[in-house]
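Okay, so chain A shows up in both of these, paired with chain B first and chain C after.
For the complex of A and B:
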């Protein structure tokens, strides 16, 4: 079947296995909670950076958050040419951790804007697989 | 009783007006474009495809609940062999023992998924099932093909459960014959049609929809028709075919704001009808898939609200011009990397 959405870029991306390992984080913002000091991390950690504990539990973090700061990138990465210039922002999730993510369906972004997670396509990898992940739009 | 207990929709916010497209191509008389009744059609952004739309609609339908099975009807899966339903199941966080499968039957895929979910629950194979119809037809309309005026994108999802919910399923009927009126060949991007001899004479749409409706055998008056909508004029054409008053299709009209959402259009129409239907009203769902086949489903509304935000999704439009739509839909075949991109 002819896939119309993205050409397969020639540059090398990490193997499909790497995308497979990170899918829960990309699809559902699954991070980790430290069972000894209650710190919440995103992306998932194996060792708590605060207390060095290895006793962590996976947790799907809140899908809503607040924009801390935003910027625009007008020089697209390979594989992203032709896409609209979309702002990216640091977003503090309601559970605590911050993520750097693209914003979609927004015109003006101001710090403090409430946003919610949506799943969008990030890019197509050199093995042809599509990599999907979180982006954010204004909360409804 | 088996019924629809939840619903969610997803439509790209970016829209283009067919009049804009006509300014460039002018390949049919202007009144032909106007007769479609489509004010805007949806344009999938470059980071949107069938899977992301299906995941968004599925998430809205599920909320925090979970299901035992997921059926995804689509004719525009970005993968040839990989199941989109499986990817969507993981995106929704469903447990790994979920039953997931894709269904493909042109624009009828949406009701095929809904019927599979209803059959799954009615047979007692599970308590709840998720049925999604999702398509990005806009990416498969050839530049300059009149189909480009209306081909849009969208997704709609229903949670089916063993209770009446917002609408109780009553019965179904179907019709299918080998009628090649519109199709996409393996390895090709664009849909082809066999021309007006097949599409304008009623051997496809009107014949199959009529057969399925007749078989459904609804003698009493129906209050609502939710139908497949390649354009905004087709619902009334279908109403005329089955002998229902044209006003029965009004509550389910969605194509005027988003164009042809493929297999999602009939489900979007049903969601919109359910937001307006009152207790006891009869709803007939009529889908049509080119190729050709048709499903007819009879539901009885219970008056319970679905809270699907369908009208917000339909009205929430970011209007773009045709050149921008061309860029978003990758209508130019370009280099793999353009000058000015970083690696």
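For the complex of A and C:
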């Protein structure tokens, strides 16, 4: 399905540097934890939205969680051509924050389904680079 | 928000008369993909393949799940919009036949549970309003209150954000902006005679109506299906056809809702005219339900 000869979609994507800066979040679900009020955030924040503290530390979040609600994408965007019809969901991770992610290797998606993180291809950026990131599959 | 900036210019005393214009020319400035991707989170949502139809499909799914509302109730918003739009000569759906909820539900999935006919209609367009201080235009409709509020744009991030009570079924920025605008105007939700809400998808119309307090949480979609937002209903909504029927030229939608409110208050809406409206409320949203502006307009006694 994916090959270097794939057409490069004409998309207004962020620069390669922007993608590089988001890599910890995309590959390892690194968010932040507030050292004053213990709130956990994803994506990372510089200021805690709960208590306004700037005293935050990075934290690699749990790679497992459960589905809160799901929908199904029938019209993949440019850059995702050829992608099969796929469900996607809000997933609440075991240590609190929620993420929006595509689901792979699942049969039926129901709220409460246990899922685990995997790394999959996201899309080819307009600079030609492939961006990878988290997706979730049924927990094994 | 542009209207709010215009009001502040007059209030500050720097200007006496301000023209606020919005323009959208989606057809030649961006690809559809670009415009669809520019609303969602640029680091973790857009590159992962999510556009705003997808994020709003999740709000739709969550609404059905939390409130146990049938799908045809949510679809009824598009039906109501079409009723008004076919009577509005400048709407993209002007003169088109009536829709039924079955038509909406059978129009094909975009992002399940959102169907094609439940989507706002991307188009070009423009609209403008002229603002002056109330004493300079006696009798003209007045903007009695206006406010704007912002929350996180990332859809999943709303779950842990203070004020959201861990969910996405509430349009929190709209609720906060409405509270402030109503306070400035000295009204509450029961006083609204006609409302314009940001129904970029059928579900969003219901979410905003609930946030405006027109209907209680979980009841807006059912109320729309029951005809409470129709011209003879309790609170007519989106009397120009809304984003689904009139069209959604995004760059000017926020001004267009003000234009329609004024038209209603001046009683110039023709076939779509609500009976004797005194208070009109309009609302506009940006991003993933991330920012929202609410304005309260009032007809001056004896005004035109």
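Definition applied: the second predicted complex is superposed on the first by the 134 of 140 C-alpha atoms of A that agree within 3 Å, B and C clash if a C-alpha of one lies under 4 Å from a C-alpha of the other, contacts with A are read in each partner's own complex, and residues count from 1 in each chain.
Please note the rule applied: a residue touches a chain if its C-beta (ideal position, glycine included) is under 8 Å from a C-beta of that chain, and two chains touch if they have at least 3 such contacts.
What you see is a predicted model; the values in this text were computed from it and never measured.
S.K.: Of the two partners chain B and chain C, which one touches more residues belonging to chain A?
M.R.: Residues of chain A touched, chain B against chain C: more for C.
S.K.: Is A:25 in contact with chain B, with chain C, with both, or with neither (first, second, both, neither)?
M.R.: second
S.K.: For A:122, select first, second, both or neither according to whether it touches chain B, chain C, the two together, or no partner.
M.R.: A:122: touches chain B and chain C.
S.K.: Given the touch rule stated above, what does A:97 touch, chain B (first), chain C (second), both, or neither?
M.R.: Only chain C; A:97 stays clear of chain B.
S.K.: Looking at A:83 after the superposition, I want to know if it touches chain B, chain C, both of them or none. Which is it: first, second, both, neither?
M.R.: both
S.K.: Looking at A:75 after the superposition, I want to know if it touches chain B, chain C, both of them or none. Which is it: first, second, both, neither?
M.R.: It touches chain B and chain C both.
S.K.: Does the superposition put A:53 against chain B (first), chain C (second), both, or neither?
M.R.: Neither partner.
S.K.: For A:140, using the defined touch cut-off, is the partner it touches chain B, chain C, both, or neither? Pick first, second, both or neither.
M.R.: The answer is first: A:140 touches chain B but not chain C.
S.K.: Does the superposition put A:130 against chain B (first), chain C (second), both, or neither?
M.R.: Touch status of A:130: first partner only.
S.K.: Residue overlap on chain A between the chain B contact set and the chain C contact set?
M.R.: On chain A, the overlap between the chain B and chain C contacts is residues 9-11, 75-80, 83, 102, 122, 135.
S.K.: Going by the contact rule at the top, pick out the chain B residues touching chain A in the complex.
M.R.: Contacts found on chain B: 13, 45-49, 51-52, 55-56, 59, 77-80, 87, 90-91, 93, 139-140, 186-189, 309, 312, 318, 324, 327-330, 334, 336-338, 340-343.
S.K.: Of all residues in chain A, which touch chain C in the complex?
M.R.: Chain A reaches chain C through residues 9-14, 18-19, 22, 25-26, 39-43, 49-50, 68-80, 83, 88-92, 96-102, 111, 122-123, 125, 131, 133-135.
S.K.: Show which residues of chain A lie in contact with chain B when the two form their complex.
M.R.: On the chain A side, the touching residues are 1-11, 23-24, 27-28, 60, 75-84, 102, 104-105, 107, 118-122, 130, 132, 135, 140.
S.K.: Quick one: which bits of chain C touch chain A in the complex? Just the residue numbers, please.
M.R.: Going through chain C, the ones touching chain A are 30-31, 33-34, 36-38, 41-51, 53-55, 57-58, 60-62, 65, 108-114, 152, 154-157, 159-162, 168.
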